[in-house]
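Each of the next two complexes has chain A plus one other chain: chain B in the first, chain C in the second.
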Partner chain A sequence: MKKDEIKRKSAANNTWLSKARKYQRILKVLVRLRFQNLMVFRLDFLGPFFVDGSLFIIQLLIFKAIYANVDSIGSWGSGAMILYIGTFSLLNAASMTICFFGILGIPYKIRSGEMDLYLSKPVSPLFRLTFECINPGSLLLVVFSIFIIVYGAKASNCRITVHAVASYLFWLVLMAFLYYIMEVLIRSVSFYLISTTRIEQLEEALLSLCFKLPGIAMYGIYKVIFYCILPYGIMATLPVQSMLGELTWKTALQGIFVVAVFAVITALVWKKGIRHYNSAGS
Partner chain B sequence: MENIAKLENVTKIYKRYKKKEGLKGSIEGLFKREYEEKAAVLNMNLSIKEGEFIGLIGPNGAGKTTLIKMLTGIIAPTKGMIDVLGYRPNDMKNAYKKQYAVVMGQKSQLFFDLTVNDTLRLFKEIYEIQEEEFQMSKKYFSRLFGVEELMDVQVRTLSLGERMKCELIVALLHNPRILFLDEPTIGLDAIASKQIRKFLKEVNEERGTTILLTSHYMEDIKALCGRSIVINHGQLIFDGKTKELFEKYQDNKLITATFGYTVNNSILPDKAKLLLDEGYKKCLMVQKHQAKAVLEQIMGLEPEDIMIEEEEIGAVVERIYQEGAALHE
Partner chain C sequence: MSKYFEIARIYMKAQLVWRADVVFNMIFTIARIVFAYLLWGVIFTGKSTVGGFTFYGMMSYYIVSSFLSQLEMSSGISGEISERIRNGTFSKYLIIPVNAEGYFAAMEAGIVLFYLIFDFLAAAAWIVIFRIQFVFSHDLISILCAVFMIFAGMFFMLQLNFYLGLLTLKYQGIGIFLMIKNNLVALITGTIVPLVLFPEIMVEVMKFLPFYYVTYLPSMLLTGYNQEEAVLGAAVISLWCLVMQVVIKMTWKKYIRKFDGVGI
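For the complex of A and B:
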């Protein structure tokens, strides 16, 4: 009886492992193909490094102009705010590098019926869409963001311990996941509605607002909205709070709960969306 | 032969927004919308045997593409049961997806800025094909389709015909049991269409791949498909041997006779309809069952040359679709 159970578990592990290996190989090919594709057009390959770098500097200048005459926001001084900006920027840059441009194409693929080609292949359509348009041009932003984080951590005079860094990284990964599922959730609405332009504009506006204003500056109904309903307010706030040692258990649990709830909602909307998909005429 | 696909009372209904004319209609639509239901496929019953080459015929909007999309699981039927190779296609099981391939004439799966070989690499991993098998299949199909020289060329530089051959290689690489082809020869010239027909025939005969082909070109159907399914307004009009389809609907024969003198039309057989009159050359359309009698009469006029042809395919198609429309009404 025990032997059978072990065999079954081992078979399940093997299936899981072979599946993981398959996806790893597909990811490798997708990344390679994307690099090859971008390198066909030299300007397309080199241009983003310059464009994304310039946009980043503009964002920093805006931030500097806003906070030039403000000493603190809530309990945070300028060092903590720099850490916050670096963290938000890193989340944004990581998304732009890895998945943003693939996810961005979902509404068009649904409207045009191109989704047919993804649904008829034995690989997760979301996996393929997520990784098929990586953008190496945004890697420069990732590097810039890391510099800002290091500078902000020093300027905020927080105690940099192994525990603080590990906790910060944990929250960073979790919030990167939240950022990703929010991107997918918003684009999945296209399965049900033909045009989602306004929802995407709302997402852009919220991201822009939350880039400038951390969650700790929000109170009352705004806090409920930006922490629970449109959780852009917690994305960079929680990692920074964890680094500064300000994260309470209650906020941490709330954060994990929000991520779990949105993960379930996104999975349901996506899965039901695929069933709801009617394709486009030939 | 074993049944590999079965459809029972399959219906697919689309809902579409009916907008009233003008700005007033648009404003009304903001508050109250009227929808109409359109049955793309209606109570379809069908079965497909392994190794068959089936032609799916019908005018635009008949439901051909919807049927293929339901068979591949891309869309779900509104009601009814579909079973292909023991799977419910809309369950979207990867094990099922590995056993079929679909080629849509108007949608490309090739990377336009890269080469065919680059695209094939991705599909090798998606279908988990072993390197040795991959190389063998690639070699076999590139040779069969005569595109060995094009495998390392940027896809965007290929002609439409060359591109379609490459699309077929991508689809066939994992040796699917069923191949769904939606208008694969659309927009192709006569030579390219003929080549593709030849290759498809070989794939069906050599590899035993079951092929379901939709096409507006009756030449494709006549040359390739042993069985034809005609649908119109989502309903099945005919399901049987292609030969029987043409026998049923190809009612007339064309007789072209060339004489050594100018023939007065009054002496021509009155059972025939005169289509072309050049004095010494006459083209007549005659019903199949009267062809023998008419021919005997013409032979009596001592023609120098005579040609008997099947009625042109376009007229046959029109007749089939007209019957479908009458059935719908």
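For the complex of A and C:
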């Protein structure tokens, strides 16, 4: 009995390991193909870095202008705000580097029937879509964001302890995941609607506005909307609050709950969407 | 002239097809005002003025500038020209018996006229809902100059976007440049924060540029600020429109020959 159980476990482990190895190999191929593609359109390589880099510099200038006239926004001084901008920039840069351009193509692939090519391959379609359009040019933006974060952390005079950094990193990873699932969720709606252009525009507008307004400025119904229903308000706010030591247990649990709920919703919408997909003309 | 009216009329009617665009345009106007309300609500806590603005003065500025920036819809023109040059369909504007720039101006006028009422309604609704004590200028000259600057500013932005689109004839791919331009324009037209909050030297430099007069100064004039700059502002933006027109003419003459009608 025990032997059978050990055998079963080892077989399961082997399957899991071989699956991981298979996906590792696929990832390598996708990265290689992407690099070949990028070498043809060289300006596109650094394009996102310049576009988003300019956006974040502008954002820094704006808050610098505001802080020239006031000492604090809510409980945050200029250092905390720089930390916030750096964190948002990092979340955006990580998404741009890894998955944004792949996820961006989902609506078109559903509309044109190109999704057939993804469903007929022996690999998870979402895995391939996530990693097939990595953008190494945005790595510069990651570096740039890290500099802003370090500068912000220094300027905010917060106590940089191992616990604070670990907590910040935990929230950063969690919010990067939330950022990713929100991207997938919004594009998965294409399985059911003819056009999601407006929803994508709304996402872009909300991201851009939440980038200008940290969650600490929200209250009442706005907090409910931007913390729970359209959770763009928490994405950079929670990591910064954790670094500053302002994050309460209640808010932390709420944040984790929101991520879990949206992960389940995204998985359901995606899986049902794949079943709903009728090839070209969906 | 009647053919340009016809183009404007067609584009105005065409907007009826895209009803969702109208709704979303109103949502974007409202969202900007709501976010400004939240952000400045926190900033003004315990303060009566910031950068010379009262809270209601600041909100009035945002309402007017959001309204104006939503009406300024010419940024798509450069993208369309660029796309059409790249795929060869720009020939359309060379064959039809209208001036290409005039065509785009008429198109813009038709779209703006359609959206004017909806954006106005969105802005007005928020003045009522938030019970904002809207600050409005009572100086007739300021109001007249602001209205003139709004039209001249929109025309300048149209000229700028038309010109940038034409640059595709020389540089082929200008997409990234256009995105950076959009980011910069949002800052220097004062739609994100009033320019008066920036250091004085920066504001003085911006006064030489046309963007200062596109959204920022008209919004300030209509909310009762900067009245001493009204007449000079109208003159400066007019001058920039003239300069831009000359630049467009020269660019068109120089590069249109490069367009072979088959795309890049």
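The rule is simple: the second predicted complex is superposed on the first by the 251 of 282 C-alpha atoms of A that agree within 3 Å, B and C clash if a C-alpha of one lies under 4 Å from a C-alpha of the other, contacts with A are read in each partner's own complex, and residues count from 1 in each chain.
One rule holds in what follows: a contact is a pair of C-beta atoms (placed from the backbone, for glycine too) under 8 Å apart; a residue touches a chain by one contact, two chains touch by 3 or more.
Because the structure is a prediction, the values reported are computed rather than measured.
A.B. asks: Looking at A:Leu61, would you say it contacts chain B, chain C, both, or neither? Reply first, second, both or neither.
C.D. replies: Only chain C is touched by A:Leu61; chain B is not.
A.B. asks: In the superposed arrangement, which partner chain does A:Val70 touch: chain B (first), chain C (second), both, or neither?
C.D. replies: It touches chain C, and chain B stays clear.
A.B. asks: Looking at A:Ile26 after the superposition, I want to know if it touches chain B, chain C, both of them or none. Which is it: first, second, both, neither?
C.D. replies: first
A.B. asks: Please indicate which partner A:Thr248 is in contact with in the superposed arrangement: first for chain B, second for chain C, both, or neither.
C.D. replies: After superposing on A, A:Thr248 lies clear of both chain B and chain C.
A.B. asks: Between chain B (first) and chain C (second), which does A:Leu213 come into contact with in this model arrangement: first, second, both, or neither?
C.D. replies: Second partner only, chain C.
A.B. asks: In the overlay, answer first, second, both or neither for which of chain B and chain C A:Gly47 touches.
C.D. replies: second
A.B. asks: Which of the two partners, first being chain B and second being chain C, lies in contact with A:Ala205: first, second, both, or neither?
C.D. replies: After superposing on A, A:Ala205 lies in contact with chain C but is clear of chain B.
A.B. asks: Pick out the shared contact residues on chain A: the ones touching chain B in one complex and chain C in the other.
C.D. replies: Dual-contact residues (chain A): none.
A.B. asks: Please give the residue numbers of chain A that touch chain B in the complex, ascending.
C.D. replies: Of all residues in chain A, those touching chain B are 22, 25-26, 28-30, 32-33, 36-37, 40-41, 113-114, 116-117, 119-123, 274-275, 277-279, 281-282.
A.B. asks: What does chain A use to touch chain C in their complex?
C.D. replies: Residues 43-44, 47, 50-51, 54-55, 58, 61-62, 65-66, 68-70, 73-74, 198, 201-202, 205-206, 209, 212-213, 216-219, 222.
A.B. asks: Inside the complex, what are the residues of chain C that reach chain A?
C.D. replies: 20-21, 24, 27-28, 31-32, 34-35, 38-39, 41-43, 45, 47, 50-51, 173, 175-176, 179-180, 183-184, 186-187, 192-193, 197-199
A.B. asks: Would you pull the chain B residues touching chain A in the complex into a rising list?
C.D. replies: Per the stated touch rule, the residues are 14, 64-65, 69, 72-76, 90, 92, 94-95, 97-98, 100, 102, 104, 106-107, 109, 111, 113-114, 118, 121-122, 125-128, 154, 182-183.
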